[in-house]
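Note that the chains are named A, B, C, D, E and F in the order they appear, and that numbering of residues resets to 1 at the start of each chain.
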Amino acid sequence: MDAAMKKRFVGELKPGDVIDDVFVLYEKVMGQKRDGAAYLNVALSDKTGRIRGVIWENVDRIAPGCTVGDYVRVQGVVSEYKGVSQVVVKTIVRDGSCVDPADFIPVTRRNPDQMFERLKALSETIKKDSLRLLLDRFWRDETFVAAFKTAPAAKQMHHAYLGGLLEHSLSLALLVDRVADHYAGIDRDLLMTGAILHDIGKVREFEYRTRIDYSDEGRLMNHIVIGIALLDEKIASIPEFPPQTALMLRHMIVSHHGTREFGSPEPPKTLDAVLLNYLDEIDSKINGIREFMGRQDPDADWTEYHRPMERFFYKGKSE
Amino acid sequence: MDAAMKKRFVGELKPGDVIDDVFVLYEKVMGQKRDGAAYLNVALSDKTGRIRGVIWENVDRIAPGCTVGDYVRVQGVVSEYKGVSQVVVKTIVRDGSCVDPADFIPVTRRNPDQMFERLKALSETIKKDSLRLLLDRFWRDETFVAAFKTAPAAKQMHHAYLGGLLEHSLSLALLVDRVADHYAGIDRDLLMTGAILHDIGKVREFEYRTRIDYSDEGRLMNHIVIGIALLDEKIASIPEFPPQTALMLRHMIVSHHGTREFGSPEPPKTLDAVLLNYLDEIDSKINGIREFMGRQDPDADWTEYHRPMERFFYKGKSE
Amino acid sequence: MDAAMKKRFVGELKPGDVIDDVFVLYEKVMGQKRDGAAYLNVALSDKTGRIRGVIWENVDRIAPGCTVGDYVRVQGVVSEYKGVSQVVVKTIVRDGSCVDPADFIPVTRRNPDQMFERLKALSETIKKDSLRLLLDRFWRDETFVAAFKTAPAAKQMHHAYLGGLLEHSLSLALLVDRVADHYAGIDRDLLMTGAILHDIGKVREFEYRTRIDYSDEGRLMNHIVIGIALLDEKIASIPEFPPQTALMLRHMIVSHHGTREFGSPEPPKTLDAVLLNYLDEIDSKINGIREFMGRQDPDADWTEYHRPMERFFYKGKSE
Amino acid sequence: MDAAMKKRFVGELKPGDVIDDVFVLYEKVMGQKRDGAAYLNVALSDKTGRIRGVIWENVDRIAPGCTVGDYVRVQGVVSEYKGVSQVVVKTIVRDGSCVDPADFIPVTRRNPDQMFERLKALSETIKKDSLRLLLDRFWRDETFVAAFKTAPAAKQMHHAYLGGLLEHSLSLALLVDRVADHYAGIDRDLLMTGAILHDIGKVREFEYRTRIDYSDEGRLMNHIVIGIALLDEKIASIPEFPPQTALMLRHMIVSHHGTREFGSPEPPKTLDAVLLNYLDEIDSKINGIREFMGRQDPDADWTEYHRPMERFFYKGKSE
Amino acid sequence: MDAAMKKRFVGELKPGDVIDDVFVLYEKVMGQKRDGAAYLNVALSDKTGRIRGVIWENVDRIAPGCTVGDYVRVQGVVSEYKGVSQVVVKTIVRDGSCVDPADFIPVTRRNPDQMFERLKALSETIKKDSLRLLLDRFWRDETFVAAFKTAPAAKQMHHAYLGGLLEHSLSLALLVDRVADHYAGIDRDLLMTGAILHDIGKVREFEYRTRIDYSDEGRLMNHIVIGIALLDEKIASIPEFPPQTALMLRHMIVSHHGTREFGSPEPPKTLDAVLLNYLDEIDSKINGIREFMGRQDPDADWTEYHRPMERFFYKGKSE
Amino acid sequence: MDAAMKKRFVGELKPGDVIDDVFVLYEKVMGQKRDGAAYLNVALSDKTGRIRGVIWENVDRIAPGCTVGDYVRVQGVVSEYKGVSQVVVKTIVRDGSCVDPADFIPVTRRNPDQMFERLKALSETIKKDSLRLLLDRFWRDETFVAAFKTAPAAKQMHHAYLGGLLEHSLSLALLVDRVADHYAGIDRDLLMTGAILHDIGKVREFEYRTRIDYSDEGRLMNHIVIGIALLDEKIASIPEFPPQTALMLRHMIVSHHGTREFGSPEPPKTLDAVLLNYLDEIDSKINGIREFMGRQDPDADWTEYHRPMERFFYKGKSE
């Protein structure tokens, strides 16, 4: 089987299907180990979604060989219950020999290069030299740029696909471009730089080689703390970067989640940081809700219950 | 003394001053009535602020004559403690004979007529006939327009001055104008109408004849419920107003505070209502914080503690 | 099949049963639409309860024809898992040709007409003319009375059956009759009127033609806001209805959920509104708990976990 | 000066008064002890209220002699600020030689003996022998009865005066008498006994010899835990008291505050306990609000802000 | 079958197994009783864990005979779904004729007698006679000691096995031994006694004859209230036990959960009680997390989601 | 006046005193600027405490010259109200010419050099080379050590004096030394290093040149984020520092406040981080309560109300 040959995608699987294909081992949870007869619950994923699976026999022989995140070739049969399909796995072996990574992980529908060019153009509109130079340092760091164009913005809530971080950062920067001069007292240069850099820690908060999940560092540190480290590194590379500007920028990253409950060690205390927090909230929530609505029955006026926001949403028309 | 003759304003009073002037009786709280010797704590206001006062003698003779909200002529002496001045009142009598109302209540620095024209111009940009017609009904209701141009947007937090409601509604509508087409799926006409009408209940939530305070109706009903009644009245006057559009608009008013904790019986459940809530939040908070910063020591980098938002704000520069 | 011929009720279905009968389509949720092979999760209901179902084939052909709330003829087989039965649906077609609505929705065990007469008798005990007249206007509005006698008081928590609104309103009014003169300072007439009218918005908050669910208006407006509109309409029809009395009544409806968290835009601020809130709470909770206890194993001392109230209840005897 | 000779009460004191009279030393807080020159803030009380005082000189000589709760003879002058009077104390000496305790602590306006007889009559209506016998044991315990007739129900919130516990218990029992048979499934005997005994721990939660304050035991144990101990003692004295009945009663006391946040280690889990909690809530809150309203300006429609309930209350009329 | 003959344990059961063995009836929940055809959901347990089961036929004949907590002989077949096995029960009869209790309930891996001796040795290190005597009274009460050595410390969270209470109490006492003299102002004797006795109410909060569950008393009273009663009983048996010491001890038990939200009617108000609360928290949480980690996949760096503590835990190594 | 000549300390000031002395300008808040006549509220401090002051005249001339944190020579008179003294300031000029810094800021009573040596000795007990080396890098950084020995641990709550950070870090390390091997699974080396470094960000979170206050960086970044930066700097200087160890250490700093509400972007997710959080909590709270108790009336059994912990504390003896 060559790289182009993945035959079946998760989204197509129906009860009764016999499968022999490559997936990502998304999750692997051992069953209760009360006696020797362990079993495995797994999740298998590709770019079209996730399916649960279970391995009843020979777990000891199989388990050590496959680690979460691996490409695995799976043979088995699809069964189901209540509309939730699951694969009863017969064999599962590590096999990343000839896969096309693009088959296994969802990706933005927009063009990353074009988005990135647009973001760069926005950074050119910044008048303050130090901030424009700072962004330039990021853009010249090829490793960073590659990660920044590929990373997702979240595991689930909004922009949860490759390129999502860039898409969200660009959308937020464009929103800043519209709103910044509506209020006296706003420093457009700072706000624009903050919008572009606010989520950079996400390039390390997630693992997104074969599937999107939190990295160890992401879970143990939080992207806010990681982002500060990335920012500090670049600032340190610029001779005589104005320390007060550096402090204002750091504060925007530290506070952009708005409250401690949402992970910001300090809440926004400057006008610019307050506005950035609200605009980021708008872009995340509006996109998250639209994506959620898009996954629902197109004929229904109401969505299913949206647990994190604790409500049903109305998709019906206004007349 | 004729209407132009108010001699001293609250903002000028210093300990030691002897006063004989007209104020608004802003507050009147009777002291503990354990024995017959009651006394009165009062607050006196004019457009420059409020000052506390106390009446030690002859309360029984004085109290019945003066009601909160009255213009009162006060004779007394200013004493102080810890930077808080208070008037020891000798005589206080109702006297609204020849006052200039403009002396007694803070007012927007912008021109209400110009603001109103601009808002009307924005309502002309609405394409949907029913919504444009609805706004037209409001604009043709002279009693409403007079109140809408005069009402404050709050007692304390933001836009807490005559004309504040109009100023806030206009600013929000202009923000909608900038942001509405940034996101696919937003109904600009609905959002614009919602922005213009979201706070109309405030024309009855406050009393602002002689000083800004909640009206009985405001405290017992909330401006959200009052706003729905005002909206329903106008909708009822339009034959065959599309009922679905009416429902969407009502929902925007019902939900514009975002959560039940903040007084909305239901949270926003349409994309338009979600966006309206965030933009209203931005306009209220950014203005509230700027007004707060403006009242602080211009030389200090930090404001005093802002109790409702539970933090100090930083006014220092970014470089 | 004629109207009397519904053969099997949800409450009787057992795994293995083959069915061909009419139900209400209670819920319809499309499965993940990753590829063309959509499927449908449904819920089917009648007066004895709800059962889940799943449709694997030909969804496109079936889905557009059936809307939530329709009567549908279903052919299929009952399967089960862990005590939860579900129907594997073979065919499902809209068919309300000859149903007896009483078969499909739970209904109070008490006589609505008798309950209504008793409530009317209680309204006669009100001494204040304006309030007695107001209630009379409601009672003479046949459309309202029909809805008021039919509506449920809730979707799930308490009195969740046709006639439940009337049953709850009557029980609360009788409780007021017992308690009103226990405390000096309570205005029995106001409290009684408030008790009778507090939940009238529920006549439009729910849809209860074929099954009980929230209406669009209910979810977007909340019954408190709807109730105020209904009340205002009747008050407007009475010449010179005392405005202060109107305000007190409106406040009782606005505040009867007690706190903002529970949906009241303002908390109770009059003695009467405070008492109404507590008595409503008692009637809802005591009934909700009794209904919950009634659905449990009669031999067990403890109920299952009651999620909304976060506890197990004890049904055992006191000696 | 003999016992009848207390000349001036706190409620009468005015700035400028020279005093030489007996009060209760209600509070004694030492000022910052940074250097040797300590000073004392005190509060002095009698049945008409409390007044603050300060002792500038010779604190060392004075402080050790007077303990909180003592009767003290005070010489000094009344000064004031912003309507709050305070005594500048010249001398303060312990002196309980000839006081009339009734002068120093607020007391119910109703007749304790009559209230107690009425409560006893209510306990006679209980049909279950064990519960009637249990109450009889309490009524035969003279020490208990004396304390039960004297104790307050609270330090501040409601029934905060001698006899308040009895007044509240009686009012609650009368409310039970009205409501108990409104709902099927309620055990009137249990509910009545629970109502009568629910707060008995308060006989030890407060100290009320010379002023009302929490006792050490009250602060360290809570009246719920104390009440269980008092109940257990009486139950232990009755041979073969039904253990299940004992458990139900204990649960009513344990749970009568409704939630853990309000001090009940477990929430109400029986129908009777749920109802008792609500009725207790009604009696406490309605009385607390009425008492609060009674202390306000009779001419004002609105009370001052009620901090614990976080709102203003409306005392205006309904027409 | 004799007592040693239990053939299969829950931990060994696999889908397809035919069983005929004795278990504890851990849970019994009747299915929806809409018509006569009731069914039963059950849980069966032994020392290796729990398995769900369902009884479809003849429920009426079976249900009355078996009560939760009974030993039952079960015949049936194991089926499964998604890695969760369940028994389809054919027959279930009460049968405790010849069981070995040790087969049915998890138990500490440590030696209870040795742990108890170590705890007694620690109580000997207490210098204050009254406290040492008090502990001695407990140790001489054979019924208490037997229960104290057998009781679990929790149903689920930590030390949820027979002997768990003793294991936790000993661990906490040893921790006190290490920490007590680190801080001036700590009364080691009190703290040690408090540590040993803080959870004694758990001897009656749980039923642990055949499986661990809350007792009626545990659910209705809470172990804190029960613990106070047990303590009071012993204190009453010691002539002239210092009342102040008794109060301090009672306070430690009352407050050891730290806040009202966690079930303590009063929070810790002495230095000793504050420290006891923290040390108890450490011992419960550290053990609970270690037990949770021990039940996870040994190869995975991260545990599953720990719902009560709302996070994933990291088990990976530090280098 | 030379450095030794500060004549009067805040702790000695009494109403009526005339002062002419040097203080720190601790706070400076401009009064309401309604008209030109601004005034200033100030706070003056030295090592014995703070006193409020007010400047009525010539504010414009005085204000620009003095910045918060300056040494200022003040001439004025002490007045008072209710036990709170305040200085009516006549002249205030910047004057740090000849002050002894030790007069102006509270300082630990213990010897910093001895504490530091003890902490260094504890770091020698660490077995893992990388961690011991890391600490060595900190100890060799003289600038860091100087700050670490001088910084306070808080502005108010606990160890709020120079040297407080070191005192708290040492106490915590000693506690770790006692507790670390009580639980299997704890990595003593990591825990000890985490204890020593957990609060290092506080060297920049506070300004403590003339008085203890938050620095701009402290308020805008939080000591947790600053601490990570300091740690990263040292780690970067060590070739091949094990990255996993670095991650574990960073996580301990990130999570040591235990929850997001208290400022940690992520909660503790390793056993070591969980334990560190509890031990830090113990050391902060026990010390904070002891310091609070120490400032109270030594004769009283109860402290005043402790607002942050929402309770009174009991200082009375246990027998």
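Note that contacts are C-beta pairs under 8 Å (C-beta built on N, C-alpha and C of every residue); 3 or more make two chains touch, one makes a residue touch a chain.
Everything quoted here is computed from the prediction, not taken from an experiment.
Asks: Could you tell me which chains are in contact with chain D and with chain E alike?
Replies: C, F
Asks: Hopping along touching chains only, can you work out the least number of steps from chain C to chain F?
Replies: 2
Asks: Measuring between Cα centroids, which chain is at the maximum distance from chain A?
Replies: When every chain centre is compared against chain A, the largest gap points to D.
Asks: Averaging over Cα atoms per chain, report the distance between chain A and chain F in Å.
Replies: Using C-alpha averages as centres, the distance is 39 Å.
Asks: Indicate the whole-number Å distance between the mean C-alpha point of chain B and the mean C-alpha point of chain E.
Replies: Taking the average C-alpha coordinate of chain B and of chain E, the gap between them is 58 Å.
Asks: Cα centroid separation between chain C and chain D, in whole Å?
Replies: Result: the chain centres lie 43 Å from each other.
Asks: Among the residues of chain E, pick out those that touch two or more other chains and give their numbers.
Replies: Correct list: 81, 216, 219-220, 248, 251, 269-270, 312, 314, 316.
Asks: Output every touching chain pair, sorted by label.
Replies: A-B, A-C, A-E, A-F, B-C, B-D, B-F, C-D, C-E, D-E, D-F, E-F
Asks: Along chain D, where are the residues that touch chain E in the complex?
Replies: Going through chain D, the ones touching chain E are 216-217, 219-222, 224-225, 228-229, 232, 247-248, 250-251, 254-255, 260-266, 269-270.
Asks: Write out the stretch or stretches of chain F touching chain B in their complex.
Replies: 28-35, 37, 39, 41, 52, 54, 56, 63-64, 67-68, 81, 86, 216, 219-220
Asks: For the complex, which residues does chain D have touching chain B?
Replies: 9-12, 14-15, 48-49, 81-83, 295-302, 304, 312, 314, 316
Asks: Report the residues of chain E in contact with chain F in the complex, numbered from low to high.
Replies: Those in contact with chain F are residues 128, 130, 171, 174-175, 178-179, 182-185, 187, 190, 242, 244-245, 248, 251, 267, 269-272, 274-275, 278-279, 281-282, 285-286, 289-290, 293, 309-314, 316-319.
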